[in-house]
Amino acid sequence: MPHRSVINSAAYHDGVRVADVPVGDLGDAWNHSDRFIWVGLYEPSEQVLSHVQEAFGLHDLAVEDAHHAHQRPKLEVYDHSMFIVMRTAKLSESTDQRIEFGETHVFMGPRYVITVRHGSMLSHAGVRARCESTPKLLAKGEGFVVHSVMDFIVDQYFPIIDALQSELDELEEHIFSGESQRNVTARIYHLRRDLLAIMQAVSPLIDVSARLTRTNSNLISADARPYFQDIHDHVICIAGLLDGLQQLSQTALDSNLALISVSQNDDTKRLAAWAAILAVPTLIAGLYGMNFEYMPETNWAWGYPVSLGMMILACIVLYKQFRRVDWL
Amino acid sequence: MPHRSVINSAAYHDGVRVADVPVGDLGDAWNHSDRFIWVGLYEPSEQVLSHVQEAFGLHDLAVEDAHHAHQRPKLEVYDHSMFIVMRTAKLSESTDQRIEFGETHVFMGPRYVITVRHGSMLSHAGVRARCESTPKLLAKGEGFVVHSVMDFIVDQYFPIIDALQSELDELEEHIFSGESQRNVTARIYHLRRDLLAIMQAVSPLIDVSARLTRTNSNLISADARPYFQDIHDHVICIAGLLDGLQQLSQTALDSNLALISVSQNDDTKRLAAWAAILAVPTLIAGLYGMNFEYMPETNWAWGYPVSLGMMILACIVLYKQFRRVDWL
Amino acid sequence: MPHRSVINSAAYHDGVRVADVPVGDLGDAWNHSDRFIWVGLYEPSEQVLSHVQEAFGLHDLAVEDAHHAHQRPKLEVYDHSMFIVMRTAKLSESTDQRIEFGETHVFMGPRYVITVRHGSMLSHAGVRARCESTPKLLAKGEGFVVHSVMDFIVDQYFPIIDALQSELDELEEHIFSGESQRNVTARIYHLRRDLLAIMQAVSPLIDVSARLTRTNSNLISADARPYFQDIHDHVICIAGLLDGLQQLSQTALDSNLALISVSQNDDTKRLAAWAAILAVPTLIAGLYGMNFEYMPETNWAWGYPVSLGMMILACIVLYKQFRRVDWL
Amino acid sequence: MPHRSVINSAAYHDGVRVADVPVGDLGDAWNHSDRFIWVGLYEPSEQVLSHVQEAFGLHDLAVEDAHHAHQRPKLEVYDHSMFIVMRTAKLSESTDQRIEFGETHVFMGPRYVITVRHGSMLSHAGVRARCESTPKLLAKGEGFVVHSVMDFIVDQYFPIIDALQSELDELEEHIFSGESQRNVTARIYHLRRDLLAIMQAVSPLIDVSARLTRTNSNLISADARPYFQDIHDHVICIAGLLDGLQQLSQTALDSNLALISVSQNDDTKRLAAWAAILAVPTLIAGLYGMNFEYMPETNWAWGYPVSLGMMILACIVLYKQFRRVDWL
Amino acid sequence: MPHRSVINSAAYHDGVRVADVPVGDLGDAWNHSDRFIWVGLYEPSEQVLSHVQEAFGLHDLAVEDAHHAHQRPKLEVYDHSMFIVMRTAKLSESTDQRIEFGETHVFMGPRYVITVRHGSMLSHAGVRARCESTPKLLAKGEGFVVHSVMDFIVDQYFPIIDALQSELDELEEHIFSGESQRNVTARIYHLRRDLLAIMQAVSPLIDVSARLTRTNSNLISADARPYFQDIHDHVICIAGLLDGLQQLSQTALDSNLALISVSQNDDTKRLAAWAAILAVPTLIAGLYGMNFEYMPETNWAWGYPVSLGMMILACIVLYKQFRRVDWL
């Protein structure tokens, strides 16, 4: 359904939206005017993509990448255009707090930006609305739009990292309170798997944003560079936080293992203590179960209560002793 | 058998196969025409290799490398030719999912490409067929052919990585369900061994493909560079996935160790609980086995059933208690 | 409350404070004189910041950063100004020795320095007082002030590192004396978390101070460079100490795990020894509890005391034996 | 004994050995002819070394290094000469497969090569013989000789790595079959110690061979560079294999630890099962050892065999149960 | 006491000591002659340092550093002088083999060298004596003296590394013989702490010596560079040895943990075996302690000795069985 895959396709003049442009007319609209074109696609069909490719003369390889998702974030610089791949992420709304990844591909050239969205990412409608609300900035053209899209995507990583940080804080508490160790181990594992997945989505952006900052291409004007630098700083910051969480979660895993062993040790001691407490009266009982003819105690009227008393006394003494050395 | 070692040896003109060339005539065919020659060898004998070396003036060291397999992937750039070594990999068809490695060596110079295949790799027949089906592209010559071969080889790593990813997913489930820990450990070990082997095959390609992308050699035309960049991106992507799997499998190994300890702990507790449950009635029985003359209970008609009842009661109380604290 | 957010705002001439300048007059004071302006803000309101921005023509992005704290340390170099973000740290005064982080942002341009302080950091009043006490140095202008602020901030990391070093020394003792292992593990974890947090605050300063040392900007005069080099050396030194503590704390964690296992082993042995000591007299008692008619010992007058003696003897022998092999 | 320390000292013309040159005449032979001199020394005395130094004007520091072994592999480039230190290795012939290290130092200048051998390395006689058998190559002079020596030394690492690989393969089997864990741990440790020692011998050669490949010195002619590149590839390959073995042996160590814990777990379960099987009949026996007067079973003629039967039955039931849950 | 803090202060001409120069006259002595001045200080007072600073015009920051010890090794290059900080180390003479660190700071400029020594390091008297014994070399001036001091300091690391290597060898033996595991863990920990401390003292010297080797400063003449290269090689070598020891000690720590678990396993098995051996006769005794009226064995004259025999037999059989499976 080519209709749905084109979310938005509009021409702008001086930062103001002047017309919607059907996909079929994109080439004309771009060639025969000085209007700026911004097309937003969502999982486009091959047909739609080939229309767009023709209109703006996009590179075969980039279009192929844009069709199939599952690209690694990257920046391709061609003679008169750029192609940017970014991975998007959001917390799934189901309760078990997993992360859903999507992709956004951006083609950028003189007077045009095409964004291609894949997967469960939030729509970019907010980005377009915000851009359109500041015509003065939007009038700066393609560099500004690309910056807005990147900024939007990168900013969505912060709540995810907060969520993972909270998860680790919670795990920390469980680890040191000694609860449900099997479960804690599994949760640390899954936390680390998530951290790794996000790291793989974010770390290539360090290079992408750095190259956008220092690129000589006239697609990005000099005064746009501090803005890309700002994105670069955010990406570096996210990567730093992820790295910290990875190291800390490793320490959590190690600590968890240590505390499992401590628990085991405590249980072994408790087992030993109770075994000893039961063994002593059993021994005494065995003693008076011997069948010697000449056992003075057995004929003594107080023999039975006294032996019971000895057993109880032994148990109490042992119990106190074990409490004292913290085995019970 | 020199016959079998030459899989294919053909001359092309404008991207169209015009003639098969016997190995002995390669030198003439290449020198006295402007045709492009593409030779495909499979574990060639020294004799065949020396024919080919003579024909195209290949470097001694490269030919020696091409004869003996077990090379590390690399790119050698000589004055008028290049020599590329790549390692190929495929899943063995036997059930225990091991990886079989092979090698493909490529000699490339003006108007010729020679591929030398070693080991159990799939034949390149598919590559040649696909190239011949697009004469326009094939007409671009040696750079295009080398790209096609590399692309074919690199793409074969993706299904292997998928298989290893599945293996890890499966292991994950086993680890956290607590099954057959001995087996799980061995499988993680073998997974990591496979990851390492593939990493050693893939990681040198990062450098090889990067150098092919930015090489100044006129063997690779400027418009071929984006295609080698594409291969570079794929290799980087594979290396990233492998790195992720390596880190995650390490965490799996650590988690496995932690859960083995948890299991041990659980078993120790269970052992302790049952020992206690059995020890108490044993103690009571010992008690009434004592031979005191004045033990009122022993003469009491209900003594025996009451003592039995006490034993059963003690067992039930202990059992419930242990269930409550989750030791049983 | 804009009044409180401006801690200090003064003009200097030849290193001597000549006037206090209200925030509203900063622009005039700076434009229409050759006086040097130094403004100190503490968690400023947007209004105050926009006054200041207008007065000195600060970059939008930098001002936005200065308003929201939680920046990563960085250095932004604009055409005629610089923006520096640093994280500050101090030991919290509560007893459990946690670290509180704050932030200091510095805007610097020709004849002006603006410092913006966030969080629980000590005030910079000391820095200003010390600068004002050396008019000759202060007359050197903005580079000298920035150096003083940075030096002040960086020097505050040293007592923290000393505190963490002491914590590790203390932990070391606990680990090898075998006390309260659960607690030790938690403390190592928290130590490592603190180390990580400080490392994330300090490590970006390596790059910041290095760039300040070799910058070509005429904001920093050539003879100020050794001073920034000095800060750079301090940062490198702090990073080195942190790295050492991180490695050593990992070893401490590993050693802790090993010693937990040793403890467990010792307890298992002790358990085994006591079980054996009690099992032998129990067996002997069982022996003489057998109901055979022809058991010569049972009729022997010394049977009972001799069997008791045998039991005691067996216990003593076993006890000594276990002491000898160090199980008890 | 100066005689033995000079293994060989010969002059070559056009790749053909034309004369043996006594150490004392080396200076004259080299200065007053265009012959190429190749001297082979073995743990030379200071006297011999000073003769040689004088003859060719070698640098003091290099000669000092050549006298004392225990150098790290390196390449020193002086104005008109080079000094190369390499570590040699071979498997000791005693059965416990340890590695013996030696050293070879090479002085190289216009028309001379001096090799100094230390330690238990195989003699270079084979290298000289092979060089002399190809006069055409030997005529290329000093670069070719140095290449031959390096090639010979580097190639000797391959069988060692094969041996270590076999050792790891064998260990792998032991680990996963669960045999003699104490021994396996020690063998992994020693394997890792060997890997480290070889890595320290090989890794500096990466830099040495790379510098020889791209050196501008006219001591190494342009057409010799691919040969040094070949050595560089071999060294990189060895380093890669060593790195793989190091990582895999770490995983083996981790797996070993996990499997030790699994074994422990299995033994604990087995212990628990047998304890339970013995505890039940003991309890029953205790029951009928009670001295109640009114115990109907004790007067029943079948009491004894029935109670025995119950014991046996209980044991069998428990045994089967434990087999079912895989504790036995 | 300024007198003691000046260890030596002399003027040299042509490599020969011509006069002792009081600290107060250093400026004159240096300015009004072409003599070379070498001053040796030990933990100098501020007063002495300021005399020296004035005399040679030393940089404020360097002098401040020289007064306070606890600097990280570094090289500061000023316009006409250099400042080098090195950490010195020696084995403490007390028996528990700890390392004592000190510091040596060197100021170097045209015709002067000032060494400042802090802490328990051996005096440099030996260096001065050795230099004075080779006037020809000493005549080369400041570069030669600095080289001699550095060489002296760097060479003192070798015996320390030998001592640590021996410590690890000894630990290795303890680990694999299974002795006193608590102690071994503590010793590995302390070994690693020492390795870290030395690494922090040595690793900055890699950069310092490399910069001295390739410096353009005319303070170090071209023919002095091979000597600094030699120091660089030694430092690299020490760093390599330290790195090896660090890796190996980590493996030792891991192996230690594995062997602790193996020991635990062995003890558990032994415990289980003895428990089983005692449980069987206890069961038999319990059996014949039952009070059934019709137990044929109890009336049988041989009942008692036969039952004793059965018990002994059971113990022997079990013992042998456990020996066979290596549990005892």
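Annotations for the structure displayed:
Letters A, B, C, D and E mark the chains as written, and numbering starts fresh at 1 in each.
In this text, contacts are C-beta pairs under 8 Å (C-beta built on N, C-alpha and C of every residue); 3 or more make two chains touch, one makes a residue touch a chain.
Heads up on the chains, UniProt names are A, B, C, D, E = Magnesium transport protein CorA.
Not measured: the values here are computed from a predicted model.
Superposition on CA atoms relates subunit A and subunit B by a rotation of 70 degrees, given as a multiple of 5. Subunit D and subunit E have Cα centroids lying 26 Å from one another. Separating the centre of subunit C from that of subunit D, both taken as means of CA atoms, is a distance of 42 Å. Across the assembly, subunit B contributes residues 254, 257, 261, 264, 268, 271, 275, 279, 282, 286, 289-291, 295 that each touch 2 or more other chains.
Around the closed ring of chain contacts, the path that opens at subunit D and continues to subunit E reads D, E, C, A, B. If you check the complex, the residues on subunit A that touch subunit B are 59, 61, 71-72, 74, 76, 78, 181-182, 185-186, 188-189, 192-193, 196-197, 200, 204, 253-254, 256-257, 260-261, 263-264, 267-268, 270-271, 274-275, 278-279, 281-282, 285-286, 288-291, 295, 297-301, 303-304, 307-308. Residue ranges on subunit E touching subunit D, taken from their complex, read 172, 175-176, 178, 226-227, 229-230, 233, 236-237, 240-241, 244, 247-248, 251-252, 254-255, 257-259, 261-262, 264-265, 268-269, 271-272, 275-276, 279-280, 282-283, 286-287, 289-295.
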